[in-house]
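You will see chain A twice below: alongside chain B first, and alongside chain C after that.
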Partner chain A sequence: MRPPSPSIVEKEFLYNSLKESLRIDGREPLEMREPTLSFGPELGWVECSLGKTKVIAQIEAKIVRPPPERPLEGIITIHSEISPTASSEYEFGRTSEEEVTITRMLDKVLRRSDAIDKESLCILANQRVWHLRLTLHFLADAGNMLDCACLAGIVALKHFRRPEVEVIGDEITIYPPSERAPFPLAIHHSPYCFTFAFFSDATIPPVLDPSQLEQRLSAGVTSIALNAQKEICVFQKFGGVPLLPKDLLAIIDIAVAKAQGLHQIVENRLKEDWSSRTVEFR
Partner chain B sequence: MSIIFPGESAPANHVNLKLGPGLLQVSSIFNDASDGETPRKRPVIIATKAGELKHSVKGSQWWIESNSRRYVPVLHESVVGLITQRLGEAYRVDIGSAHHASLDGLAFEGATKRSKPNLKVGSLVYARVSLAHKDMEPELECFGAQTHKAEGFGELKGGFVVKCSLEMCRCLLNPKHFLLPMLGRRFPLDAAIGMNGRVWVSAKNVKEHIIVSRCIEAVDPDGGGMNEDELKKFLHTLGV
Partner chain C sequence: MEVLNADGYRSDGRRQFELRSITIDLAQHGAADGTATIVHGLTKVFVSVLGPREAKLRSLTIHDRANVNVEVNVAAFSSGERRKRAKSDKRVLEMASAIKSTFETIIQTNLYPRSQIDIYIQIIEQDGGLLQACINGTTLALICAGIPLVDFACAVTCGVYANSPILDLTTLEENDIPNMTLAMLPKTGSVNLTAMESRLHVDRFGDLFEVALGAGRVIHEEMKLAILAKSRMLVAEMKTIGWGEKDLVD
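Our next item is the complex of A and B:
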């Protein structure tokens, strides 16, 4: 079932309120919903929510033989499928346009931005490498699932620790976490994604972290993925809204400030979680 | 408080038994006739959803209370629907259930072939479910069952729609619930509460609409879950 477009009543109300710079949930136009991160008992299991949008990210690692063209690199795959659990507008087996966008963007942000050092995932050249599998489950859609999924993904990667391995000659020994402390992944930088929604009416300011209704009624969205070091990884613009260069630079500046704030939150939460865990090893 | 899961049988037993939402009489089974009596039929009541099993004082009415976000149409419930399509004489209406509902073009107060309301795609209606069957598409009507008068049903113009959980809708329909009277003391507002998790509100300006929307979200057991005192403080921070 295709999502019914919002009613005339909702459309008019949203435009009127945004013209007064008021948002329905009481946020400022450029205010994000506070992300909540909770970690599961396993390493690499993260539940991330932005308001009522909720995504679970989980990482599994296994050892595989590398493809012959890249013998020195580990493999990272991202699995994301939006099921009807998120919202009744998504169907099993039929990929919606939004799902394609999210999947591509996740691939760009988490995999192709070289956030993870793939060479460090190599155990024995040409023979054994780590294969990381990131699975994302979309539990509820209240708008801006992309940012939520990116955040969940990167936090899961930061939270995950792979078992220690030892290579003697051609012999590989994997130590369970009870024997040797597991190893965090080598992460070069942590990109965060920020989505801005634009409206066709020029008097309406752009909004950060759009809600479901705002997202549907927007004329276009722009997603910027960048890290706390002000390096832009991905910039993507959908919909045909014309933007002036100065507006573009303005939203990039906002995203930079938000990325630094978000990075701090993520680091604090990870530290908190790690200190509450007791990792035993002999 | 007793919690029941789908498939479990409920201990409902009364001469004049009435079953509410979430309970189903499946079949009759025979008592074992070991004591020499003739086999008797006894109805079996099972739960069709998980929740809290409740009954009236005398035990004649039983129902299950639970919260959910998806709506399943039930006969005679009022819903807020969105017109998605016009099909000849009828409209297709999205009421948030698994299937679209149909609303006849003549199912309005005083509508005749010559003069009937003309609803645009995208407009909202407050309607009553007149047919809810598991094998059929739900049907809606915009008049009272007995009186055939509008009774508040019909097109909703202006205002805004707030989405909330189904439990919140039931709370809002309860005249003893604190939220709407508390808001009504501060500013005048109209509300049409659909049992399908949509509440249409109409107040004077944008700010008031936003206050109503945030308050419903704050009190919603699926959201903030605030009680009366907490909401008072919350309203204070909103400046009303």
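Our next item is the complex of A and C:
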């Protein structure tokens, strides 16, 4: 069921306050909600929230036989179905436009950008490779689920450690975490996604990390995924208000700065979590 | 693969900034209100536009503007190896939704409340620059259908090889180098769509953007010529059945 569109009063209030560079939740136009990352007991289980938007990412690793066309590469699959848990907007079994956008974006940000070294997931060529399965659970939608899901996904990949494997001849031995320390994934770079919302009134500045109401009243969003090394991985603007090239280049500069900040936050949280864990190996 | 050889030629004999030949056919097909076939090198797309007409489903009507519906169909024989794509393929769905949101802002939808405009896109041959061909073809088909637009949407694909921008990529090049599709509105020079899926350093981006915008204007000229030729032909035909200059002015 589609929720009723925002009332005229709400709309007017939002537009008028945005014209004065004020947002309803008290943020600056280009301020992100502070991400909260909490880690579960298992490695590769992350709960990420941006304000009230909440996504859980979880990774499982299995050993499978590789497809014959890619015998030297591991497999990564991403499962991201949006259930009605997140918001009554979404229905079971029906792919909404939002879901298509999020699924494709996750695929581009986490898989196609070569963030994970797939060859390092190969155990024995043609015989056995790791199959990583990233599942995202969308728990609450308070706007900008896309950025939240991308962040959860990349943090889960960075947090995950796979069991140590030894190959002698054709024999594969998998060591449980109690025997040998599990191994982190080989990650080339960590892309982070930033979504900006634009409004049809040119006097309203673009806002970063739109809330649900802002997203609904906006006239198009632009998503940029980039890493701390200033490499753009995805730059996506599908329709919406036409923008002048200089405005687009300006938001890229903003995203570059934000990515470096976010990278620092993520690294610190991962370090904190790792130091609080005791990994035993004899 | 060598994208650009030492003499500055690409695998298909083009220069760095050379576009592939563009062929536009605006002949009428069947019951559609406007059709266009656009060929960019070896990429061929057929677009038909129906409407504005009454929406099939009451739930699809919007009280103050027209609903734009885009369906993309990839022919099984369009690529090198025969492959049937499911209707629910996420890539195809995403492309349809990108085209839909691009044209929602370009079509003056507020002139047709409670109606629907259907855009059916058939991809007949593909060799890179698919989104580009779909957008250019849709612009042309919409114009042929007489639907009022605020501007053309001119799309172009560009990539970066060894620090220099390259225009209008083929599939081989697209697989090899970072690339971006951009749709621009030539009247204001503003950008309506950008789609980049590969890793590229921020410092390279500005140049790429500039070159793509320039190429968009070239494509616009080509499209305008085709539209003008079609209009001239229609005017000439109207004269043969006795329409005078006076009728045309009204």
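Everything below uses one rule, namely that the second predicted complex is superposed on the first by the 282 of 282 C-alpha atoms of A that agree within 3 Å, B and C clash if a C-alpha of one lies under 4 Å from a C-alpha of the other, contacts with A are read in each partner's own complex, and residues count from 1 in each chain.
Throughout what follows, contacts are C-beta pairs under 8 Å (C-beta built on N, C-alpha and C of every residue); 3 or more make two chains touch, one makes a residue touch a chain.
Note that the coordinates shown come from a computational prediction; the quantities given were computed from them, not determined experimentally.
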Partners on chain A (chain B, chain C) - clash or fit: fit
Contacts of A:Q236 with chain B and chain C, given as first, second, both or neither: second
Which superposed partner A:I24 touches (first chain B, second chain C, both, neither): first
Touching partner for A:S5 - first (chain B), second (chain C), both, neither: first
More chain A residues in contact [chain B versus chain C]: C
First, second, both or neither for A:N126, with chain B first and chain C second: neither
Partner chain in contact with A:F13 - chain B first, chain C second, else both or neither: first
Which superposed partner A:I252 touches (first chain B, second chain C, both, neither): second
Spatial angle chain C-chain A-chain B, Cα centroids [nearest 10 degrees]: 100
Minimum C-alpha separation between chain B and chain C after superposing on chain A, in Å: 10
Partner chain A, residues of chain C touching it in the complex: 88, 90-91, 93-94, 97-98, 100-105, 180, 185, 188-203, 205-206, 209-210, 213
In the complex, chain B residues that touch chain A: 70, 82, 84, 94, 96, 98, 120, 122-124, 156-161, 200, 206-207, 209-210, 213-214, 217, 223, 238
Residues of chain A defined as touching chain B within the complex: 4-13, 16-17, 20, 22-26, 52, 88
In the complex, chain A residues that touch chain C: 95, 97, 100-101, 103-104, 107-108, 112-114, 219-220, 222, 226, 230-245, 248-249, 252-253, 256
